[in-house]
Amino acid sequence: MTALLETGGLCAFYGATQVLFGLDLAVADGGVTALLGANGAGKTTTLRALSGMVRTRGDIRFAGRSLAGLATETIVRCGIAHVPQGRGTFSRQTVAENLEIGAMTRRDRAAIAADMTRVYGYFPRLAERRRQQAGTLSGGEQQMLAVGRAMMLRPRLMLLDEPSFGLAPMMVEELFDILRTLNRREGVSMLVVEQNAAIALELADHAYLIETGRLVMTGPAAQVGADENIRRSYLGY
Amino acid sequence: MELFLHQVLAGLATGGIYACVALAVVMIYQAIDHLNFAQGEMAMFSTYVAWQLIQWGAPFWAAFVAAVALSFAAGVAIERIVFKPIRNAPVLSHVVVFIALLSILNSGAGFIWDYQNKNFPSPFGSGALFGQTLISRHDAGMIAVTLMMLALLHLFFRHTRIGLAMRAAAAAPESARLAGIRVGWMVALGWGMAAAIGAVAGMMIAPVVFLEPNMMLSILLYGFAGAVLGGLTSPGGAVLGGFAVGIIENLAATYIPVVGRELKLTIALLIIVAVLVVRPSGLFGRAVMTRV
Amino acid sequence: MSAMPQSPDRPRPAVPDAAPAPAATGGRPRAWRAVALAGGLALIVALPFCVKTFFVFQITLAVIYAIAILGLNLLTGFNGQFSLGHSAFYAIGAYTAAIMMDADIPYVWTLPAAAAACFVSGFLFGLPALRLGGLYLALATFALAVATPQLLKASFLEHWTGGVQGISILKPDAPFGLPLDSDQWLYFFTVAVAAVLYLGAVNLVASRTGRALIAIRDHPTAASAMGINVALYKSLAFGVSALYTGVAGALGAIAISFVAPDSFTFALAIALFVGLVVGGVGSIPGTLFGGAFVLFVPNIAEHFSKGAAGAVYGVILILLIYLMPTGAAGFVGWLRRGLAPRSAPSHE
């Protein structure tokens, strides 16, 4: 498969401090890639670097186009939806408004309305709460809302930052099932950053391991999941 | 009782001024999450521009529209040119730039047009409304214009896409960027709109208080007070707050003898502060809960 | 481990500079510091004898403003409480001094009296202010600033305040028959008081109390969870801050020999705030730059253009902020980082 997104020697900086050291990663077109690692390893930074939210050096290519140095808004408009850590909910706006915001860059009114119906279809709980202030939703519902908002963009690629964070295990399963459907049925490629290695490896077909700003392992998800060190450090057995 | 009613109505009239300014204040607060301390001076400067156009022979409404349009453009320009470079500076530095802007506009107006009081015409004519002594035609017209602006703004923010985009950009700029919203331009748009509303406010106020460079200073403070009293998240509340401040100020001056004319402003402000201590988000504001 | 991300939206005041620390930049011998210190002291002592009387007077005022700004810094820079009303405390200090001197009490006693009066009024103001944060506190303090000249002019207080005319006092002469004129003596007196106050501030910031104040600024909830009595410390901060500014006000009254309500309008509050930011929020040495700025730059602006002095001032201010967004202290810090040998990034 061809790579939809690939980086070459990606470095990232917070001020004068370098935090990512020459990452080479790729997301296949139509595939799901997992980025695993412990707390503070640089997973979130990687996604932020891809979205142009931190200072970077090195190559970032999306569908052949270079993203290096572009503003976040422009990168998003290329078809990349970033579901951030903390969910990025617009607390003062309603659930419906949150979804409308997700579609802000699109002009096709009828299709947007259809998409909203579709999102409500995936997440019936959101449909029930569509007029509620988004800030009053539970953590799990806000996560669904964040994914729904990303879906409203009709992205080619979704970047998900710790989608399982703070969710009860049953909800995590539910959410990842939906992600799987999005990938298989709608063809949305994904780069999923997760501390919960087990659930991420179930979903992904390819995985990377990052440690203190460097990629230390890469390979098909099954292979990475079977690796002795990974199992001990990240999968707990 | 007669006196009371009269003072209430007089308070409503002056309150109309404060309501207008309060609306502009809340408007920009919704756009940029800061109070624009230079709002009053911008409004004053716009009014001078309108005055100049009238002096050059333009009919009132032409000058009015031109001043509003120019103010909008100037607001956008100020945001893009003056504030964009310090986007990442700490909030207190931003406040200092507001203060600098205030100084430039105030001094500039005085320099260009001098400090003498000038007359500014009212489009509603002078004299009492329907011949009754209750309220003057201009005051009634001013209140009507304020309410109309409020209605238009409500429609804009609640029922248009760009209004939603602006609200999103102000509420959570980073998340808004992740939705593809050009936050910088939304902020500039907010500035433009606030400048335009300020221009309308200035042109409504000038016939009452005479046009001079310092005319907006205390009015802006009352406007802030009204906005805060009503709640900075609520344009309708801000307008009501503005009216309330006008009424409170007048009643305090009339009924608390020791205050008289000397401490009108102080009393109004003290009351506002008292309200804030009891209800920090204002009378109609929504308290924002933050998770720790 | 990779560094913690800094949110770009969060305002970060400049790191407070404590008393001269051992050279952390590497390569700067202790001897240089001693020489610089001695040179500085010599300059301070010699100054009033080398320049015109009026300039001595201006320097004295600059130091007084610096003290006032230091007071504001303790509240806003180190405790995160936003005040646009410090002109009120300055006025209380000034009027305390004026009233006492009018009653023939020696001027030395006016300082502790002003300190006490302002500490109490600051603390009392701090109590209701506890419920207000950020913007609302700014507005409430601004209301205080606006109210002050009106109260000072009010007829029911005229007996004490002298109403609109204010109070004139006599400028004190040098004591013990020293061969100094009034302005020179007041210069030394002010510098001495400033030295004491600055030392006090440095010690306060470095102490447990100082750390508690800073903790409250950075994360009030966490501070409270650690057992810090947030309400008490915040009110104390207001009190101490008002104390400093009030003593400055008293010194100002003595130096100018005159107090009147219109000297203490909100324009003064704004000037102090500008001085705070320009010097560097959270920086003690920065307040000296702030004081000098507040005193001299409006004069400079007037030289450029009599009619549009305010506009020139505004432009200078904007350019300064562009150049030094975190104030003079931030700028100096940036320079020092640039000149110091860069340490290599750590590799795990």
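Which chain is which? They are A, B and C, in the order written, and residues in each are numbered from 1.
Note that in this section contacts are C-beta pairs under 8 Å (C-beta built on N, C-alpha and C of every residue); 3 or more make two chains touch, one makes a residue touch a chain.
A quick note: this is a predicted structure, and the numbers were derived from the prediction, not measured.
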Once every inter-chain C-beta contact is counted, which two chains account for the most?
B-C
Computing the C-alpha centre of each chain, which chain sits at the greatest distance from subunit A?
C
Where the centres are mean C-alpha positions, what is the separation of subunit A from subunit C, in Å?
49
Suppose each chain is reduced to the average of its Cα coordinates; what separation in Å results between subunit B and subunit C?
32
Approximate Å spacing (C-alpha centroids) for the pair subunit A, subunit B:
42
Out of subunit B, which residues touch more than one other chain, so two or more?
174
For subunit A, which residues are in contact with subunit B within the complex?
51, 53, 71-73, 76-77, 81-82, 84, 88-93, 97, 100-102, 104-105, 135, 149, 153
Counting only contacts in the complex, subunit C reaches subunit B at residues 8-9, 11-13, 76, 82, 128, 131-133, 135-136, 138-140, 142-143, 146-147, 150-151, 153-156, 221, 270, 273-274, 276-278, 281, 305, 307-315, 317-318, 321-322, 325-327
Across the complex, what residues on subunit B touch subunit A?
161, 164-165, 167-168, 171-172, 174-183, 233, 286, 288-289
Once bound in the complex, which stretches of subunit B touch subunit C?
35, 82, 85-86, 88-93, 95-97, 99-104, 106-108, 110-111, 173-174, 218, 221, 224-225, 228, 232, 258, 262-263, 265-266, 269-270, 272-273, 276-277, 280, 292
